[in-house]
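Here's the structure, in C-alpha cells; my notes come after.
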Amino acid sequence: MSYLTAERRPSMVERRASMDPQSRPLFIPHLAGLEKPFADTIPTETDVLVIGTGLTESILAASLAWSGSEVLHIDANSYYGDTTAALTIDQIKQWVQHVNSGASASHQNYRGALLYIPRPSVLQLREYLIDLTPKFLFAKSDLLDLLVKSRVFQYLEFQSLSSFHVFENDCFEKMNNSKESIFTDQSLTLATKRHLMKFLKFVLEYPETPELWHDYADKPLTQFISERYKLDGPQINEIVFSIALSTSTAISTAEGLQRIRRSLTSYDIYGKFPVLVSKYGGPGEVSQGFCRSAAVAGATYKLGNSMIAYDAEKKLATFNDGSRVVVKEKIVCSQSQVPQNLLRFQDQKTEKVEITRLIAIVEKDCAAWFAENEHSAFVVFPPDSLQTAVSKSAPTPATNKTAVQIIIQGAGAGVVPAGQCLWSLTTTTPGDAGRRELEAALMQMEKSLLRESDEEYELAVTPNDVIYNAQGTPIINSLRVGDAFKGFAPREKLTYLFKLMFSQLTAASGVTSDVLFTEMPSAEISYDGFVAEARALYERITGSSDDFFDVDFEDEDEEMAAVEEDESMDVDEADGKRSRRGSSARSSRNGSVIVPVNMSMSSAKDRDDEAMRTQDDEFAAGMDL
Amino acid sequence: MSFAREKHIAYIDALNKKQDDYEYWLSEHLRMNGLYWGLTALCLMKSPDTLPRDDVIAFILSCRDPNGGFGAFPRHDGHLLSTLSAVQMLATLDALDVLAPSEVDSIVAFIMSLQLENGAFQGDLFGEVDTRFVYTAINALSILGRLTPTVVDGAVEFISQCANFDGGYGMVPGAESHAAQVFTCVGTLAITNRLDLVDQELLGSWLSERQLPNGGLNGRPEKLPDVCYSWWVLSSLAIIDKLHWIDHAKLYEFILKSQDDKDGGISDRPDNQADVYHTVFGIAGLSLMGYEDLVEVDPVYCMPKSVTDGFKKWPYE
Amino acid sequence: MHGVKRTHLSAQLREQKRQQDSNKIATYRRLNEQILALREAHDYSLESLAKNSQLLALNPEYYSAWNYRREILLALMAALADVDFVDLFNRELHFTLLHLKRFPKCYWIWNHRVWVLQHFPDIPSMEITPALIAKVWQTELAIVAKLLEQDSRNFHGWHYRRFVTGQMAALATDHETGAARVQLANIEFEYTTQKINANLSNYSAWHQRSKLVPQLLLSPPPGSLFERPSEFLTTEIAYLTNAMYTDAADSSHWLYLHWLLCELLPTMPEAEQMATLVKVQGVVEELNELEVEDDGVDNKWCLVCMGWIKKEMYRIGGDKGKLVEEMLVLVAKLVEIDPMRKGRWEDLVGSIGVEHEIQHR
C-alpha cells in the first residue's frame, strides 16, 4: 500500500513553507495542528499506542504507520522530542522543576538538575534551543540512509562538522583522519605519518584481514595500536578519543576498529567531513521529522496527553482527556514517562548507567574553533587530561576517569543568537566525580577560548621552543607551547549566560507480552543505535523487520531535478554513467549540506569503490581499432 | 570457464537484429566502427563468412560522404574514424578493388586535408585534434599504400611531442599518458618505422604496471581493469617486443571471466554487460597471447596478420 | 559501454522492455529523420537549432548532429541574422554544461564547448571586447576547477584546463606574452601542489607537474625557487620523501621521482648528481628497511627505485662492479615479490649483465 499517491489523505502537516528558516516561529511547535485532530477522528481503537515522542519512538511510529498499522502517538509533554527534545529556555526552566520535584510522570530517570541564569533579562529567549541529548550523524550510517529513503531529510537542514579537537598538552590538536591531513601535517614525523597511514589503510579493510587483529580482539585498542602500529601518546589519543569517539581507554580492539572504520568510511562521502549535525537542534528535530512522516502516513498525535489507566484484559487505555482507546496490538512506552499503571510491566532489575551533562551558553562567538562555513565542532578531553578540583569530599587532586565529550555550536547552527556559543559537555563518570570532571573541562574550555581570541596575547617563542622535523621544517614544540600557555592570565572574563547540569540514568528495556519499553538515550555521541532499536521493536510488534520502511517513496521532484538547468557555475552533479543513480551532495555557501533526493548508500558505495578509479569509458566513441 | 566461441559468433551475428532495442538506434553513429569490431572478431574466430560479404560491402559504400570520407552510417558525416573502419573492412574482405582509383584518390585527399601544420590530424573539419586521429590517418593511408614523406614526418613529429615523463603518450602534447593513446602513438611509429623514438624500456615498464592482481589490465594508474586494455596495453607491448612483461595466464583468466557465457559476447569486466567493442578486443588479446586456436592478429592494425602482411611497408622503395 | 551490470531478462521482462523501448525508438527515429531532412534542406535557423538540441539531449554522442549544430551557428553568423549572438553563444555554453554534468567524459560535448569558445571573437557584435573575452576564459577556469574537484583524474578536465590557460596566455599582448605564460605556469604549478596535497595518488597532477617544471626552470618567475635549481631539487626531493613515507605503495610519486633523478638531475653539475643520488638512496633504503620490519617483505617500489639509482650511478662513475652485483640482487628479489612481471625482471638481469660485459671486455 503506497501512501504517496495522488489519492493520499490530505494531511494538516503538509506545510513545507513552515520549514523556511526565516519564518520559523520558535514558540509554536513545528507540527502544530497535528496533535489536535478534529473530534471525530479520535480513534477508539488503534493497533499500537506509542508513549513518548523521542527519536526511537518516532522512527518506530513512522515505520508502523507506513506499513499500514494504526498508530496513536502521545506524549505527556507539550512539546515533541521527549528525552531527545530541543527545548527553549522557558521549557528548560519547567523541565528542571519537573525533574527536581520528582512529581512529574514525564521526567523519569533524570535527577540532580541545576540551572544557573545570572542575567535573565539579557537572554533573548526566542533564540535558544537546548538539546537534552546532543548527537551528530555519521555520513555513512543507518539513520542517514533512512532519512534519505523515507524523505524525512527534506524536513531537516544538515550542516557539516569537520573540526575534531583533542585536548593535548594544554592545547587542542586537530584530527588526522585522511591521507590528505597526514601528508600535509607539518608537525608529524615521517615515521609517524607512515604508521598512521598504514593503520588507516588497515582499518578500512580490517574485516577482511582477521588474522591481523584477532589476537587482540578483546584486548585494549590502545595496546593494539601501540604494539602493531608503533604509534604513541598523541596519535593514540587522537585515534581512540577523536576518531573512535570512545569515552574510555579500556575500549577493546574489536569495538574500537569498528568505530574507527565508521568514521573513516563516512569521510569524503559528502565532502571532507565525517559527520553532519542538524540545524535548530539535533535529535529533537529528527524526531519531529519522523513524527511528521508518521502523520502523513496516518498516525494520530496528541501532546499533553498521558495514560491514566490501563485494563490489561480488555487492552483498554484511558487518557487524561477522558478518551478511551483499545490497543489491539502493543503499547510502546518511553522509560522517561512510564505511567503508574504500566510500572508493573517493567523489569526493575536492570543496571543503570549514569550520564551527566553540562550545557553552557557563553557570550562569545567561538568561530576560531569552527572550520570555514561550519558552525559546530567537537572537542574531547581524554582521560587523565584534566585536573579536577579539590573539595571537602574529595580532598585528593584527581584527573578525569573518562573522556569528556563536547559539542560546540554557534549562531549559524540556529541554537543561539549571534555572538554567542553553546557548549554541551557529557561525561560517563558517575556521581559527583563526574560533575567535577565536567566543571574542570568547562574551566579549561574557558581558558582556551579566551586565549585563542585574545588578539593582544603574544606567544613569546624562544629558539628553545623550536624543533626541526625530518624535512628540516621548523615547528614549534607544542609541549613548550603548553607550558607557555600555563602562565597565561586572561585579560577578560568569560560571561556565562546560562548553565544547566543534570544527570540521566540509562537502563536497558524490559519487555512483556503487551508492553514494550524503549531505552533512555545512551552516552553514544552519534545517532547509532536509534534505528536498530526501532527496528527491533518493529520486529517484536509485527513479527518481522523485512518491511521496515519498505515503501516506495515516490518523489515528483526526482525527474525534474535530473533535467534542471543550473545557472551558476556549479558542476557538482556530474555523473557520467547513465547506469548509475545518485549525484553528489553540495555544500552551499552557508555551510548547509544539501543531500539530493536520489542519493542512497549504494550509490555512495559505488563512489567509494570508484572514487579514484572511475573508468575512462568514452574511448568507445573513438577507439575503433 | 572456457572460451565460448560459438556463443560469441552467434552474439555478433545477432547484433544487427536488435532493432527492438533503443540502444541499437542510439548507436547508429558507431555503426561503421561496430561493424569493423564485429567483422574482425569473427575473422579471428575463423568465422569470416558469418556476416554476408556483399551486405557488408554494400553498407560500407552507402556511407560515402561527398567530402571523400566515410560516415558511421548513411547520411552521417564523413570522419576519420569511420573512414578507417571502412578501409580496414574492405582490406580484410579483400574488396579494396570495389573502389575505383578516383574514389581512392578522394579518400586519400580527404585524409590528407585533415593534417595540420604541426603534423597532427583533425578528426574532421570541426577541428578535434588527438593522436587517435594521427594513427587513424596513417593506418588508413598505409592500407591504401599512399603514405608520403610529408605526411609521415609531420605525424612523427607530433607524436614525439606527446611523449611523457613516464615513457607513455597522451592525446595531445602535454596530456597524461593513457594506454589507448600509447597504442595509437606506438602504432603510428611502428607503421612509419620510427620505433627508435620510443623509450622502450621505460614505456614497457609503465605498460607492465597496468596489470593488477586479478590479472586484468587498466588504462592508467589507479583505475579499474578493463578488457579493452587487454588490447591497447598488450598490443603496445607486442610492438616493442615486451609481450612477456606481463602474466599471460592471469590475463587469460580475466578475459574468460568477462565473457557472458549465456548470451555470448565479452564485457569490460566480469558480470557486466557485454558489447561488441570489448568482444573484439578481448578476442584480439587472446590471439596475441596465442590462446584458443585463433587467427593471428597484427598488433599494429588489429586485423588478421594474413591481411596486413600484404600492405606496402614504409619507407616505400 | 562501460560499467553496466549484466542482466539476463526473462521472457516477460524482455517483452516489457520491448514495449517501453518501442515508444522511445519511435520518438528518436522521428526526431532523427526530421534533423537529417532539415540539414539536407540546408535549414539553418533557430527552430532547427532547437530541434537539434532535443536530439542531442537524447544522444550526445551523435557527432553528425553536433556538426549540423555548428553549421547552423556559422550560417546564422554569416547571414548576420537578426539574433542576439552573445546571448545565443552563452546559451550554447549553457547547453554544453548541462550535458557535461550528465556525461563529463564525452569528447563530443567538450569539443563543442571548445569550438563555441574559439568562435566567440567572431561574433558580429559590438559587445565582444577583449575584457569580455578575458572574463569568458576566467569563467571557464573556474568551471573546470570545480569539475576537477569532483573528479581530479578526469583527463578531459585537465586537458581543458591546459587549453583554457593556454588561451589566457595567448590573450596577453605581444610583449606581455612571455611574462604572462610564466605567471600562468607558476599558478598551474601551485595548482598541482594543491591537488597533490589533497590526494597524494593524483597521477594527473604529478604528470602536469613534470610538464611545468622544465618550463619554469627554463624561464623562472622572478623571485621564485626556480631561479635556484639546486634548491628547487632539494625541496622537491623533501616533498617526495614526505610522499613516500606517507604512502609507499603509490606509484605516482615514484615515477615522478624517477623522472627527477633520470631526466632532471643529469642536467645539474656532476658533483651534485652523485651527492643527490647517494642521499636519495639512503632515504629509500631506510624506508625499505622499515617496510621489511613491518610487513616482512621488501617494498617493490623501493627496490625498483634503488635499481634506477644504481643505474644512474653506474652511468656517472660509481664502483661499477659493485653496482652490478647490487642490481642483480635487487632484481632477484623483484622476481620473488612481483612474479606477474617476471619477464620484465629477467630481462633486466640480462641487460645489466650484457651492458656490463660490453663495458668491461
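Labels A, B and C are assigned to the chains in the order they are written; within every chain, residues are numbered from 1.
Here is the rule we use: contacts are C-beta pairs under 8 Å (C-beta built on N, C-alpha and C of every residue); 3 or more make two chains touch, one makes a residue touch a chain.
Just so you know, these numbers come straight off a predicted model, no measurement behind them.
In this assembly, B is the chain whose CA centroid lies farthest from the centroid of subunit A.
The most centrally placed chain, judged by C-alpha centroids, is C. Chain geometry summary: the mean Cα position of subunit A and that of subunit C are 41 Å apart. Computed from the mean C-alpha positions, the centre of subunit B lies at a distance of 23 Å from the centre of subunit C.
Between subunit A and subunit B the centroid-to-centroid distance comes to 55 Å (mean Cα coordinates, whole Å). Residue positions of subunit A with contacts to 2 or more other chains are 612, 614-616, 620-622. Looking at subunit B, one finds that residues 30, 178, 220, 222-223, 226, 268, 275 touch two or more other chains.
Across the assembly, subunit C contributes residues 1-5, 61, 107, 153, 155, 201 that each touch 2 or more other chains. Across the complex, subunit C meets subunit A through its residues 1-5, 61, 94, 97-98, 100-108, 139, 142-143, 146-147, 150-151, 153, 155, 197-201, 238, 241-243, 245-248, 287, 290, 294. Residue ranges on subunit C touching subunit B, taken from their complex, read 1-8, 17-18, 21-22, 24-25, 28-29, 32, 36, 40, 58-59, 61-64, 66-67, 70, 107, 111, 115, 118, 153, 155, 158-159, 162, 201, 203-204, 207-208, 210-211, 251-252, 255-256, 258-259, 263, 339-344, 347, 351.
Residues of subunit B touching subunit C in their complex: 20-22, 25-26, 28-30, 71-72, 75-77, 79, 124, 126-128, 164-166, 170-172, 174-178, 201, 204-206, 208-209, 211, 213, 220-223, 226, 242, 244-247, 250, 260, 262-263, 267-268, 271-275. Interface residues of subunit A, counted against subunit C in their complex, comprise 179-180, 182-184, 190-191, 193-194, 197-198, 470-472, 565-566, 569-580, 584, 612, 614-618, 620-622.
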